[in-house]
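Input: structures, listed below.
In what comes next, chain A is part of two complexes: it sits with chain B in the first one and with chain C in the second one.
What follows is the complex of A and B.
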């Protein structure tokens, strides 16, 4: 199984753990990743509120390079995925858009190379049965909340899972042996960049999700979005302090917990680089007798 | 009275332009308010998403363009997926915001500045450059120390690139930005001609 790999800007810096754990897990699962050479930013949340053409042109260049290599693109980040999927669909929908995109990127992009969310690749292409067979250290006793946020499940056009009750991450976590808890903030918006440019609005949005997580009785939150991670992990202490609460809720990228279940060393997955300490909780995982599968 | 009719004329032009740019069928909205009920930012908006849609329906687009709501929208699309009439409210808000900016209606300056800096960094380096984003934001908005305390931990955890990326195909990035701008200007010229 081989995919072009688009890490995106966050995975090259603030979300480096997502990059490290993605590469390590894919290697262990025999998923070959070919990183798109000299990839550029997908335009994120700024291009599409500035100029709709820019929001098509930026991700199209990466997609076109992958198309020339004849590969679909595996994309870990939720925003990068949604932006890239958007241009894939747009060029397929309209010849006029395809022409304009070609003008911007100086090459053809026909939409033949598909944008795939990494979680979707795990869920649909590998499948939970296959993942379950590869588990060496089941996450027994770990109570997790799956947090999908927005851009994997909305808008409908680009989504790969249900908008109100997505299950792909739940089933992957169950296959890893974790206990998936239910909560109502599964697909709530974390406010994305509002915490950075309008904190009076952004912070309460994060606070609501953290409060909800705390009430659920879970040990941790699992996400697949570097923006959600920054908001829930980096800002957790800052937001808790304001109201005198210590949440102490580790937040993991789904690939980090996949890596743990595959018995990869936590540091190789970047788990020591979180703001909320995330290594200790992993010691809670009940040891199982005998290795290989459950 | 004259002021009112001027505002009406402006709105009529803006309404036509909005329709051409967003292709959202605002007329379908039957004002149930589900968009506003589920909006995670509604508490902070001056007018509700439902009201934005109503203004658009009534042709009072100038009023919608001046709202803070279109700037605070996080683009989460919860409204759009829940709309029983399939109206893409989030896309309408986004298009209104672009049009508002073109007309100089920017009630949320900090949000605007943040995105401008982001765009500038993408244009210059082809990729995000976080130290540039944070410093740029703090300098332009005057919140000099915002998030300053995160800088050192990020460096210690080796989660920041000190230097920006240097794209190998710099011309590719330049062409995307220049052509996108030309395409946008062409569209604008067509909207004006079509009036």
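What follows is the complex of A and C.
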């Protein structure tokens, strides 16, 4: 199983542990990742508020290189995924757009190489049965909340899972042996960059998610989006302090917990790089002998 | 040489404002076959018609063209008019110079006048080729079938029966009563639904002219207006209705419990059951899917204890064919399945219920004996949120139309919550409040003013389960800000939709339905209870969302139409039907396939050819069934099938007339 891949800006900086764990887990699961040479930023929100063609051209270039290599692209970051999927659909929908995009980036992208979210690849291409087979250290007793945020499930055009009740991460976590708790903020927006540029709006959005998470009685939150991670992990203490609460809720990338279940060392996955200490909780999980899913 | 008279109508200024009518009349003078041409202000008026009659006599006209409005409007008027003057009524043509000319070309009199002239010339060409036609007659079976035993069907049947005609009510459930039997109170008077329905049910069952056929379905409909041969499948009840006294011993002892359909799964019924205590007939059926006797062969308890020996496990479905003069469709509606609304929990939150669930919850004989309790933990809710337009007016997930009844039943339910739970808070999310009915607006005002329900204009974007509470988030679009309400229970006013099998039944009976599968009336204003199929009428919500008063009114209207039909001994049939030229018909059968009324079949004829007798297949039209649509004539490859009054020759004469004027330009 081989996919083109690129870390994107987040996984190269604030979300470095997502990159470490993605690579480690894919290796362990025999998913070969071919890093797109000279990949560029997907443009994120900045591009599509600037110019609609800039927003198409930037991700199209990465996709075009993958298409030349004949590979679909497995994308860890939610924003990179949404932007790339968007251009894939746009060039398939309109010849005019396809031609304009080709003119901009100086190469053809026909939409044949598909943008795939990494979670989607795990869920649909590997399948939960196969993942279960590979589990060495079931996450027994770990109560997790799956947090999808916006970009994997909205808009429905680019979504790979149900908009209101996505289940892909739930089923992967169940396959790992964790207990998936139900809660009401599963697909709420974390406010994205509003926490930086307009914190009076952004912070209450994060606060609501953390409050919901705490109420649910779960041990931790699992996500696949570097923006959500930054908001829930980095801002957690700041927001807690303001209202005199200590949340103490570790937030994990889904690849980190996959890595733990595959019995990879936490540090190799970057779990020591979190703001909210995240290793202690995992140390409580007892490795079972003999391997195999339980 | 034909003698055609041409009469151009001004229709006040409707036509005359953009068509120079006098000029059109002038243009027609001297046109082939035209011996008289004039214009007049209102041709349909008494003096207008008198003028036509006098002119026919004076000028010895043998055909007439009236240029005015659509033939749908006044063709019958002018046919009568020329018949009074002694002409065959089918020697009339109407040129539609209003809807198809003046109204669509209001600002260009010169060209509109030229177009009107062309239209009239075409009509003259056609009328010159028209042949006199005569109506024929067929007998009428004086018995009606009402399909559906809800309030609309019951009322239709009672009204027909009171006029002295025999009626059968066909109901697929074990009891008549329909949705109204499930409703608690009715707006705007808040009288008990069952209390006003059950007397009607009793009247229907005891009326000497009404025959109830319950637990039965339509199987096949053949024939035509006045003589429908309807085959009904009487499903095996496993209970002999003649022996059963309805004592209830059987369902008292039956060991199998099944979710009650009538209580929407909120309580259990037995495998041998009547749907509700006031059921009519109050005699049970065995649900063979769940009955132990049918599943495992064991049990048989009901048969052992039945004091009259009415239980019969060997009963089988029975097909019965009966002839009816008229059919009334009163098959009702279903509620929209809100599980497509992920934002409302995909139908998975136990305390998010529909309006009909609420009716059962508040009903004294319902699962909670009329105490409003949450389905999840049976506690009394304090904060109740109502959401309107769930599935209605939402093209992305539901239906484009307004369901008409929800505004009022939501107001009613909001009132009842406030009345029964004194310290409750009621919130109603709405898009618009539509209360067009007698006493409706006043009722809604009482709901907000006297009962203090909080109406919030906006849609709910999301409901989340938060512990044992529901968090309802939406927008107050009047204040322009988001609102969030912690609710104990949410009631969804789900859309009224056509029955899942509505289209199938319409095809079976042979009439048309709309894109939402509601049955199509013949004319939205002037023929609201007729269908396009003669002898088939509509009552109640199968035609479109409707409340009880409207359903009952429509039932009465349908009954009158049925009685008008059944009061005749013989039925006039329209002569505009297809006929087959068997000399050229090759018997290919294409016309049989396209005929929407199943009026054409293939028959075998014998003929002498070169001294030998041969047999061959040709098309044959049943003129009683033929509605004159013309689909067969355009399908026929050898032009062997022709529609009377719209023959190929007549249509081509019109085309020729038009082409000549084009050529002259």
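Definition applied: the second predicted complex is superposed on the first by the 290 of 294 C-alpha atoms of A that agree within 3 Å, B and C clash if a C-alpha of one lies under 4 Å from a C-alpha of the other, contacts with A are read in each partner's own complex, and residues count from 1 in each chain.
One rule holds in what follows: a residue touches a chain if its C-beta (ideal position, glycine included) is under 8 Å from a C-beta of that chain, and two chains touch if they have at least 3 such contacts.
Here the structure is a predicted model, which is why all the values come from computation and not from measurement.
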**Request:** Examine A:184 and indicate which partner it touches, taking first as chain B and second as chain C; both and neither are also allowed.
**Result:** second
**Request:** Report for A:215: first if it touches chain B alone, second if chain C alone, otherwise both or neither.
**Result:** second
**Partner chain(s) touched by A:30 [first = chain B, second = chain C, both, neither]** = neither
**Prompt:** Who does A:94 touch here: chain B (first), chain C (second), both, or neither?
**Reply:** neither
**Message:** Is A:57 touching anything from chain B or chain C once the two structures are fitted on A? First, second, both or neither.
**Reply:** first
**Message:** By the touch definition at the top of the document, which applies to A:163: first (chain B), second (chain C), both, or neither?
**Reply:** both
**Message:** Tell me which touches more residues of chain A here: chain C or chain B.
**Reply:** B
**On chain A, positions contacted by chain B and by chain C** = 163-164
**Complete:** chain B contacts chain A in the complex at 40-41, 43-44, 72, 74-78, 80-82, 88, 90-91, 94, 97-98, 101, 108, 110-111, 113-115, 118-119, 122, 126-128, 130, 137, 141, 146-147, 150, 153-154, 157-161, 165, 167-169, 172-173, 175-177, 179-181, 183-184
**chain B-touching residues of chain A, taken from the complex the two chains share** = 9-10, 12-16, 37-38, 40-41, 43-54, 56-58, 61, 100, 103-106, 150, 154-156, 163-164, 187-189, 191-194, 196-201, 204-205, 234, 273, 275
**Prompt:** So in the complex, which bits of chain A are touching chain C?
**Reply:** 162-165, 182, 184-185, 212, 215
**Prompt:** Any idea which chain C residues touch chain A in the complex?
**Reply:** 342-343, 346, 462, 464-467, 471
